Every structure is written in structure tokens, then in C-alpha cells.
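Labels A, B and C are assigned to the chains in the order they are written; within every chain, residues are numbered from 1.
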């Protein structure tokens, strides 16, 4: 059996399984951990599909930064407690499951109609596209055709950083007039009282 | 003068205008001005009469075209005035009696704050009445017809702060309106059948419809009956008579002018003028006769039961006009006209004299509270006696000639049953008019107030009216067939066939006189001789007294007939308005409110349900796209 | 490579649906957010698969940008969740139903 077949058939179930597991976890930390597993499997898929650069970026950015950030917030807020199983909204769960299955089926038929299950990828992807390695080829495209979006996203990142600083700073509670008056009264009182 | 006949109605119209705009500044002169316009009209009418008489018999007709009045598509009508023996007779009656009543009113309405307005209305009435009788086409006649109705309303309700007067005016207008509506339909039918409204074409020998053939008898009957309906309303005959007794709420001069001498006779004039149409119908004339006779008897009985002096006189008017209708229905048009002229004199006299009584006793008209006024009001007593005896038919006063001619005609033309009933009617009329005479002026004094005689200004016109009441019959209708008035009106009204049935002339004469005298004697015995306790009659025979006093309860019947459907319909409309209209409006609001109670159900606030809805939409879109491609 | 591209796409579809159901069913805001990340990743997988199929790098570039934007979005989103938690002391999405009509 060809290697990529084996890799696929090993990691695909892990991918779907970890996603399902993430769905069923009541503990938020456990769910985050399963998601990290899922991200790893996707990184492997990237590798198989001839995108080694993305494989690396996936692991570094997604699994390494984003999920860590998630875990930080979960721990910070202390919401790793267990979520209740009862859904307040009537019929939400069944409808959602139906919707999910429906979506899969639709996409299944779309894919079968569009590509068909026998089409294989062209063989010489590496030689044709990834000249000089994937990173070099990607950078060639990125810094030439997609230069403007590249710069735009860098601005986006800066803006996001500033936004977070603003959002997350602790705001002083607005002091009401009553409290202000009470403060002043308590400040004045010792002077008028006889010693 | 014949060409200037338009001056006759124009002068009172001008007088009305002056009094409306400047009357309050004129003081008593307003009254003299108004009287002068009518008196001038009388003088001009006399001159016109002279001009007319200078023409040979069959050419006594002059039509003056004033102006083009209506032009609407194929309908074209001019305002034309017609001077012929019939119209000039009516003009003379209206202006002559009218002028005397105007002068009387100067004294009667002396202390009224709206003195000038009263004379404006009176002048306006005379204008419309003259237009009615001088019109040469049915539409102009209808204009005058409606106009006198309006003035009647204004004058009955002259003291409009009295609810009784205001209601009476409304009742008069509405009741006559029913007749007027029918009459308008009749005029429309005339147009449909004849394509013209002018008297010359509709009534003359050259009458024809557009197709050259005469209309059917049915058409004639329909037209005649509709016109008759209008006449019945205006002349207060059965069944549209209910307004006349109530109309006595107006001042006495109004009762005299409008409801005795002129307006109520307009119906008679209409029938007599349109007699050709009635004759072509045949049945219509019989209807006229029956209505006239029935009204005469009914009103006579009702008059005997009234205790209010003016109401008794009002029913008397209805009865007398019934006789006029009776005469016209038999085809004896000149007889009807003679009675009309004589009646104008003595009825105006009677009403104005009762005005004297009211003037002297501060408005008292209940005869149970009068009596023995002969001593304090001798002149008025004399006038009333003359008027009453004239109406009763005592020779040689006017009523005798007029009524005797009509009753005798019934006999000689072979209508025996009608003759008997008419004779009974004649007996009753003498009875019912002698009654107020004796109750008011003779017998015991039943009131404590001192009654003062009317001033000379009020009594002077009455002298002239009394003169007319005495002499009119002698002069105008000495004989039934060849009297002055008969011959004068013959070119317009034809010569009635008196026939030769029944008893001889002398016998008929004797019966007439006998009945009249007997009736007066009976009246004397009951009401003036102190031998009959007439005051106890209502207690001893309450039912009969009630029927007579309430005029056989026709008023109540009508009230019930109008009230029940009226209230029912009103309630229906109210319910409809409440439930259907309000219900629709409020219901719409309620429905919207109900519906909007469901709207917030989808606004749960839960993000997840919003997301679900959102994603369902996406799935549907995907499905759609998938199926398309 | 001998695996048909369609298989990768199926995997991507399944992951996407699981992410959708996760968004709809879970009540914890953080887990909902994670499900959204799962959806994004599924799409990235599809993009790279297509890129391989069409012999071009456009798909990979797009996936790259998607990751960048997802990173920025996660950061801001978490800040918002932190703020909301501070006010309400609860990260349950059902408690944020103030816009109830």
C-alpha cells in the first residue's frame, strides 16, 4: 500500500474522532486538548498534500499559539467546570444534529457530482509548483501577487493587538454622585467632631 | 300693462330685499313699505285686468318671456309669465287680500322686535305665490311652489324660540315635502311624455308628444295623481293634512294669508290649471272628488271637537278646501274657483278677527276661557259674525252662493250619493263655524281679564274684507251657470255640464238655506243658550270627545308609523355603526395586537437559536444550489 | 499521491459539520469559539486539497491568510469573552439573552 494512503487512513479517523470527542467533552480543558490533537492531524494532511510550510505554520500558530491562548483564558476564568447536559432550548439539539447530518450529506453529493471519488491529484506537484521548495515558491507568490493583502493583514494584526489592549484593560468603575457625596461627608466629619 | 306684468311679483321681491338689509333702520315704515309693494301690485293687476278685458273672449291670453332660464343639453326652458283669466283672478286675490293683511300686521306685530323681518318674509311669500300663479310652465310653478313652502316654514316658526312653533314649522315643511317630491316626479313624467313643460303645449289643443301621438291614459293618470299628491300636501287634505292645525303656532296674519287665503289654495289652483290632464285620465278626477269630500267631512267633525279657536278655524279651512276639491273633481272648476275667492275673504276675516281676540286678551285662544266678548269687543264680534255667517252659507253672504252652487251641481249632475254627503258637509260647516262665534263672543264670560278692542289700524282692513265676504258671492256668482266669474273663466276652464237630474233649483236652494239656518240654530242652542251643558260633554262622553278633539288620532297614527320604523332604522344604523364600523376598526387593531403577540416568540434573545435559524438558511441555500447545478 | 482528493474533501466536510453542530449545541462560549476554529481549519484543509488538485499555490496562500486572520480574530474574541465574563460571572451563552423581545 502506498505511504500516503496509509497515512491518510490512519490520521483521518483520528481527525474525525478527536473532533467528535471535543464535541462531547463537558470539561472545557479536555475539549481544548482534543482540539489540539485535531490540529495536529490536519497539519499532517497539509504535509501529505504538498504544503510543508503550512504544516509547520499550523503547528506553530494554531496548536502552539492559539490553543495555548485558549487554555490560558479557560484557566484564567476558571470555567473548566462541567457544563450541564440539559439544553434549555427546546428542540435545539435534535434540529442541530439533523442539520449537521444534512450538511454532510449535501456536501458528499456535491463532491461526488463535482469531482468524483476517483480523481487523483496530478503526480508531479512538487516539480511543477514547489520549485525550490514550498517556502520559496510560496514566498514568490506571496510577495508578488498577494503583496497588498499581505500588508493589509499585517495592519490587521497590529489593530487586533491594540484592540485587545483596550478591551482587556480593567476599567475604573464610574463613581456615582451618591457615593461621591458619601465620600466627602466621611472626609469632613472628623474635623467637626469634638476631640 | 300686460307686458309689464313682471312688475307685480318684482315689487314685493324688492320690498323683501329692502326689509332684509335695511329693515331694522326703518321702524314702522318697513311695514308700510311692504304693504305698499303689495298694494301697488294689486293696482297693476287691476290695470292688467282691464287690458285683458279689452281683448275678445277667446284671445284673453298674454305670455311674456322674461329670460332664458335653463339650457342643459336638450332641455331648454324660459322664464315666462302667463296672464289669462285664471291667473289674473289668483293675482287679484293674492295681492288684494294680501295687501289688507299686510296693513293689519303693522298693528298686530307692532311690539315685535323682529318687525321688519316679518314683513320681509311676508313680501317674499307674496313674490313666490305670484310666481306660482303667473308661471307659464310647470317648473316655474314648482319654483313658486317650493318658495311658498319655504316662506310658510319661516313664518310658522317666526317665533322660533318657542319649541312648539319650531316643531310646527318643521312638521309643515316635511309633510308638504312628501307631496312636493311626488309632484316633482309628476313634472318629470310630463317632460318624458310631452317633451315640454309649458302650459300652452301640455294643456293646449296642440298638445303632442315627440312622436305626434297622445300619451296613454295610464300616463295621464300617473301624472295627474302625482300632481294631486303635491296638491294634497300643500292644501292640507287627507292624508297629508296633519301640518295645518299645528301651523297655527304662527302669528294670526300668517294664518290668514298663507293658511286660509293663498298658499293652501295653491293646490286647488294646480288642479284647476291642469284640468285637461285630469280629464284625459278620468280616474284621477274621481280620486280628487273622493279626497275632497272625505277631507271635508273629516275636518268638519274635527273642528267641532277643538277648543283652540285657531285650530278650529284651521280644520275649517281644510274642510272648505275639501269642498273646492270636490267641485273640481266633479268637473265644476269655475265653482271651485268661486269658492276659492269667497273663502279667501271670509276666512282671512275670521283669522284676523281671532287675531284681534288674541291681541285683546294677551294671546288667549282656548275657547273654554273666552265667552261673552261681544260687550267689550263689539267691532270684532261684528266682523266674526259676518265671516261666520258667510261661511255657514246664509244668504245673501258670499259663502251661500259658492257652496250652494257646488252642492247643487252634485245633485243636478246625477251624483246623488255625493250630493247627500255634501249636504251633510254643508250642515256641519255651518255648525262648526257658528260654534266658535257663539263660544267666543256670546254666552257667559269665562275669563276675568279685561279685553280691549283692537285699534283702528287693525280693524280698518277687516272692514274691506267684510265687504268682500258680503258682496263677493252676489257679484261674482249670482247664478251657478252664468255668473260673472263663470263666464270670465270659461275660456280657460271650460263650461261645466250641470245636467238636469235631481230636484229643481228652487228645492235645492231651499234645502241649502234650510240646512244652514238649522245648523246655526242648533249651534245657538248648544253653545250660546245656556240650556245645554256643553262643558260637561268631555266628561260624560270621554271617548267621543277624545276622538273629536284629537282629530280621530291621525296625528298619533302618523307619529307611530314614522316613529317605529324611524327608531328601528336608527337603532339598526347605530348597531351597524357600533358593531360593523367600529368593530372593523377596533377589530383590526385587536387583530394586529393579537398577531403581534406571536412575533416576539422568535425573539428569544438566545444566540444559539438565532444561529440555528441562520444555518438552516445556509443549508437550504446549499440544497437549492446543489439541485440547480 | 494515490489518495483521491475527494477523500480529503470528505474529511473536511465532516469536520465542518461537527464544528457546526458544536456551535449550535454547546453552551459554553469558549467551546463554541473552539468549534468555530474547527470549522476554519476544515476549510483550510479543503483549500489546500484543491490547491493540490489544480496544481497551483493559490489555495495555499488563501489558507495562509485564513490562518492569520483567524489568529487575530481569536485574540479579539477571547478579549471580548473575558470582558463579558467579568460582567456576568458566567460564560454560558444562554445567559446573554438581554435582547429578548
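In this section, a residue touches a chain if its C-beta (ideal position, glycine included) is under 8 Å from a C-beta of that chain, and two chains touch if they have at least 3 such contacts.
Just so you know, these numbers come straight off a predicted model, no measurement behind them.
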item: Category of the chain touch graph - line, ring, star, complete, other; value: complete
item: Contact-richer chain pair [A-C vs B-C]; value: A-C
item: Chain A and chain B, separation of their C-alpha mean positions in angstrom; value: 104
item: Distance from the mean Cα position of chain C to that of chain A, given in whole angstrom; value: 6
item: Between chain B and chain C, centroid-to-centroid distance (C-alpha), Å; value: 100
item: Touching two or more other chains - residue numbers and ranges from chain A; value: 88-89, 92, 95-96, 99, 103, 107
item: Set of chain B residues in contact with two or more other chains; value: 604, 606, 608, 612, 615
item: Junction residues of chain C - those touching two or more other chains; value: 20, 24, 27, 94
item: Contact footprint of chain C on chain B as seen in their complex; value: 599-600, 603-608, 611-612, 615
item: Residue ranges of chain C touching chain B (in the complex, touch as defined); value: 20, 23-24, 27, 93-94, 96-101
item: Sites on chain A touched by chain B in the complex; value: 88-89, 92, 95-96, 99, 102-103, 106-107, 109-110, 113
item: List of chain B residues in touch with chain A within their complex; value: 604, 606, 608-609, 612, 615-616, 619, 622-623, 626, 629
item: Residue ranges of chain C touching chain A (in the complex, touch as defined); value: 1-11, 13-22, 24-28, 30-31, 33-35, 37-38, 41, 44-45, 48-49, 51-53, 55-58, 60-61, 63-65, 67-76, 78-83, 85, 91-92, 94
